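After this come two complexes, each holding subunit A, first together with subunit B and then together with subunit C.
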Partner chain A sequence: MKKAWMSFWVCLMIMGSLFANGSGEKGKTASPKFKIAVATIFEGENWEIQKSYYEHELGPTLNMEFMFSEKLSDANGLVDFMEKAYAAGCQGTISYVTSNDAVAQGARKAEEWGMYFITQNSALNKTVAGLSHNLGHCGASATGMGDAYADAFGKLLSDGKNHSVYIFSGAAVGGAIGQGAASHYYSVYGMLSAMQKRYNLTYSQSIDAIINNQNPGEVKTGNANVKIYIYPGLDIPGAIKSAQSQFQSGDYDIFAAVFNYSSFANALSGVESSLNKDIKIIGTASIEAQTATGFSTLDPTGDTILNAAVINPLNVANGICASIMYNALTGHADAMRDNGSAVLFKVNPWACSGADVYKGISKLDKSHETYVLNSEDLKKLLCVNDPGVTFKTMEKKLLELADVNAILAAKS
Partner chain B sequence: MENTKAEFSRKLRKFAESRLFAQLLPIVFLVVLAICFSIATHGRFSKPTSLKIILDQALIVGTVSTGAAFIFASGNVNLAMGATSVLTATIAGMVYNATGSFPVMVIVAIGLGIALMVAAALLSTLLNVRVMFVTIVMMTLLVSVQQSILGGSNVSIAYELTSSLKDAGFPYIAFSLFFVLSFVLFNWTRTGRSLKMLGTNRVCAEQTGISFQKYLLQAFIIAGVGCGIGALLIITRSGSIGTGTMSSLNMDCMLAMVLGGMSIFGGSRSFVYAGIIGSLTVCVLNQGLLMINVDSTLIQGVRGVLFLVLVCTSQKRPKGLPAPEG
Partner chain C sequence: MNAKKLKNVLYTIAFPLAVYAVMELLCFCVRDRHVLSSMLDVQTIIRDTGSSAMIAFGLSLNLSSGRYDLSLGAQRLAGTIIGGVLALQLGLSGIWFLVFALLFGLLFGFLTGLAFVITRVPPMVLGVGIGLVWECFPYKISQGKGLNLFGVTGMEVINNTSFTIAVVIIVAAFIYILSNMTKFGYQMKAIQGSQLISQNSGINIFSHAVICYTLAGGLVCLAGMIDTVFTTQLTSSLGLASSGPINKNMFPMMLGGFIGIWTNQSIGVIVASLCVNLLSYGLITLELSEANSSVVNSVLFVLFLVFLANRYVLKNKRMEQERIALAKKRRRELAEMTAGACIW
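Coming up: the complex of A and B.
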């Protein structure tokens, strides 16, 4: 009996504190705020940085309050969350769930309820592009990512030595371009082109054919001193085993992954230790402590763990998505669409060729002064301030933000 | 005065330990929660749209856990309900894409659900291994089978089918039919009574002529029907099935059953409606907490704490009969 009463009081205390802390009554201002649902696939430090930008920069600037989901993974989770958000009075959804099914179902649900919907996706889902509440997609530009890889990778090759490389990507998953792995395709394309240009290689097949080969293995380069091993995709039966033996051999001195470097850092340290050989790593990253650690921590051979990276400026997509959403909610949805069709907005990742460059980049996105898109920048993207703003204004702004050096100069 | 107080305290303790209290507590908790959230959200929570969304979200877990109640009642735990439902949904979806026939999809879903559950029951009874261990293996196996079938892709069902099923109220009809069938079987037939007796004390039940194997098989068949219908509801709701679809279904079912008042020991304190009541409670909690702007990461913690608190409050082994161990 005592246990039951204790449990009852615990329940009561939990609920009481939640009701007290919940902002059911809070946030009532003269002009009601727009309530936006944010369906995320992230968690951890990376997400906390983005959440902080939503809450401290986007919210006050765009008169918005945000309802964040738990970490979601599929269409079902997205629709579940959107339903809750709709019931809670949300007028729009910014979704990070990017599978074709999730985008299609989310857009249809949003249309049914009259909610605006925008996803952070790198490919346009044409099946729902005509829906009037679909504001399109904003994600890393596949070709921009390829350019960034070519740039950062090219700098690793520029020391005058011959290099052999192990390229690890998801480029051949699902048939590459247009099927979810376009950014991987272009990244590998960029690196193979950089190798070809640097060492004047003669590949036995076209670069396209090399990338779309689902079997991992050595690429014939026509130069015995320059070796390229390629692992073209995950989820391919038998491929992982084959790739692992090559990985352990250490017959390469650059490991280029179109994934976050941290997934491979420990395994590569093991290879470096056992062979007493320095292997340089290039991978994707974002502005966070983990990347700083990679550029500052030394591997067993005394070199930094991470040597070059392609940095995805996450808050750029967040700022653009929220601005588009604001324009739609203030009656300018048509201006954000191209002849009634949803638009694909492309964010260009930044090439980071080493620790010194990252030192500068790492100062961005920390506060109002250093946000790549802060309130002053955002206000210029709003139709209420400038009736001439259209989707083309957004595209132009994104193109400007491709130049990280210009951003660093402006924010310093 | 002292006597009156002691008498009141004794009556209160007796009521708290009664079957009626165990039956009422989850319902009262659900209603109180709903009222609190309605007040906190100035009525937005109790709007018809909001309530419909809660009901829609609760149906899949409610259906699967209603079937699972039969297994729980016998004092066993099935950990493969979620994997069975999702694999069934995957294959039924593929069958629909191949044949374009809804009736064929329904038959495949229910048939496969029953077949997988019967396989688990037979493995348990023939090999004389506890249900929980067999279903842990089954869960791993079924997830692997689904991954092998799907690889990195999804099974997508035509939007026209899923939207017309929703418009026709298929999820409500399917759940209602299954719930009525389960209610009748659980409360008014020998099957339900025998399962509860087995859950209360298997040794005593077997000594009165109740066959554990026979009724366990029946429980798994009914649970299989639940998994099959659950699979159809997953298809209708999601429109696509991938390796991550409803991955927490099994845990959601367990949580729903306990929140709904089902005794984790089975027996006479088992209720067939525990699944749907618990499932509604979870959905009410999720939606209500989000509506009062509680951070999503905190919601998971709150769910966990409430789950523990309710288990502590309501789960108590009856003292009347000796435990199965002795």
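Coming up: the complex of A and C.
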């Protein structure tokens, strides 16, 4: 009898604790997190910095959890990942796969599954712009990249002397039509325009045709004292050998790389030692340890390895995309579109003309206080907090973020 | 030096000289430039040849016994990144990076070999699976950042041309001694003939396979670290994207086996690597696009393989025709003798 009573009380206690948990949960009514898939094409330190921003700033602020892909490269990879994401319960996808095909297929699949979709690239895909779940694009501004490179080149070319430039153009070929990387294309466009303006050059072809030439070679500038050599493609070892060979001729004194400038450092240092000649390096960079090293380490001629950079604000596009996604998921998708059509949001990079300027920029994107778009900034972009927020608010914010000095003043 | 040895040396030297002559002529006629225009170019080609030769040695250790290890690229990635990251964290520099890369390469090679002999999975299948696993290790340990040696001091010794030459000579000598002067080398030749017969005659083909895998892993990581010190970074990758640098060195490996007919495998591989690198340098000087350069390299590789498979066809045909001609002549002579005997 005693054992029976003991059993009865134990069962009652167990049932009581279950009910207590249940009612506790009812009382709190925690809102479920939005699950967002992030389809990336990156790996390495840059990507880890961005992932940290997603997980530690965007996630808590926007009540989101993120499902990251491995490095993708084409439309098939994107769609495979989106299928897995959809099966895992994701409600939206932020895609970094920039080809026209990937954008079109991704947007159509997202429409089919009722997922919101936004791409980080610099070109609007008009074929899918009308789909209701396509939230558009956010990427490097064409004029912004060009202006930033023109600014960065400005100081290098401002001494009044003739300079010849070797440009590693990366995936610039086809970048304007979604086949390559738009940021690479517009970076090279900015460089060629800056050179043309500075030296009154007469190119034998249009700048677009020059950039879209798949073969490496010298550009006919119409000025024998100013040479430009372009090496397209992603073959870094080949580009290193080519650059070393061209610089060894003594004709060139500026090296510009739209990505991976650090891979060329040793080869160019060898040329500097051999010719006892300083070679200026300008490249696309981010706020990271490598850029700090570039601006602080000296080459054999006593100059810094990196002389100027165009800094990609790593997390601005991520913050804008996540905010747009949040607005869509909270029922304000129409406010993020222009008369039912997807919008292209443009991120302006910052020109960094030397180590002194970088010292200030390097303090950004390190923590909550220094993120260019931290939780306080993000909350001002949410329709739930301000019903007046539209896509124009996003565009205005991006224009404000083009002024790095204003950002530094605000964050200091 | 006797005449035969001299002939062999000349045949061996002829290959890189011929490639250099052809590329130099093309570059001069088309671009008005030289293939190698400075000492820096020579230093670069020596470094590239050394790295390529080490990868080709690594490939040949298993491939010559019928095992194509598809995880070599992943071993190269894992050993180089993990060894480099560990050396960086310990505050070491210079040659220690090479030592750590070698040790981790040997470790990953050993584990791959062990997996092969325990599971008995076909090498290519095992290579794919275990390669995907090895790629995860450097990704996790470096938090996706890979190995970045930009701005790291004390690495000049590894970039030094004399050092690269010394490493290649040591590796080539090691491979030569291993292949020609040790029991391991004799066993390898026996296994290349027939694994079943070798096993039945008392050779432990499994321990031999493990040793081959181990050494291959060490060699490709040595090459990986030498390349990474020059280019300052090696990015972690997944999905067997790491196999590119290994596959690129199939051509030097196969060509090295052919050139080795006149000397030995070690020298053959080094000479072949030099030939392929001279070709690449020439194509860059000709300002071919990356795609066109790949097409040229691939077509030449396929043509070489076709030649390799059919090089005795013409000789066999000629010998057959000579035999037929001789047989016909003998029959005529016999017929004449018989006819003469009848008359008498």
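The rule is short, and it goes like this: the second predicted complex is superposed on the first by the 298 of 412 C-alpha atoms of A that agree within 3 Å, B and C clash if a C-alpha of one lies under 4 Å from a C-alpha of the other, contacts with A are read in each partner's own complex, and residues count from 1 in each chain.
Everything below uses one rule, namely that a residue touches a chain if its C-beta (ideal position, glycine included) is under 8 Å from a C-beta of that chain, and two chains touch if they have at least 3 such contacts.
This is a predicted model, so every value here is computed, not measured.
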>> With both complexes superposed on chain A, which partner does A:S99 reach: first (subunit B), second (subunit C), both or neither?
In response: first
>> Taking the superposition on A as described, I'd like to know which of subunit B and subunit C A:G139 touches: first, second, both or neither.
In response: neither
>> With both complexes overlaid on chain A, does A:A87 touch subunit B (first), subunit C (second), both or neither?
In response: first
> If you stack the two complexes on chain A, which partner ends up touching A:A75: first (subunit B), second (subunit C), both, or neither?
Replying inline: first
> Which partner does A:R108 contact after superposing on A: first (subunit B), second (subunit C), both, neither?
Replying inline: first
> For subunit A, what residues appear in both contact lists, the one with subunit B and the one with subunit C?
Replying inline: 43, 70, 234-235
>> Considering only the defined contacts, which subunit B positions touch subunit A in the complex?
In response: 9, 12-13, 16, 33, 36, 40-42, 44-45, 47, 49-50, 53-54, 56-57, 151-154, 156, 159, 234, 237-240, 242, 244-247, 286-287, 289-300, 302, 305-306, 309-310, 312-313
>> Quick check on the complex: what are the subunit A residues that touch subunit B?
In response: 1, 3-4, 7-8, 10-11, 14-15, 18-19, 21-24, 26, 43, 65, 67-70, 73-76, 79-80, 83-89, 99-101, 104-105, 108, 173-174, 234-235
>> Under the stated contact criterion, what part of subunit A meets subunit C in this complex?
In response: 43-45, 47-48, 51, 70-71, 214-217, 232-238, 240-242, 244-245, 248-249, 260, 262-263, 265-267, 270-271, 274, 289-290, 293-294, 296-297, 305
> If you look only at subunit C, which of its residues touch subunit A in the complex?
Replying inline: 37-41, 43-44, 48, 139, 143-146, 148, 150-151, 159, 229-233, 235-239, 241, 280-281, 284-285, 287-293
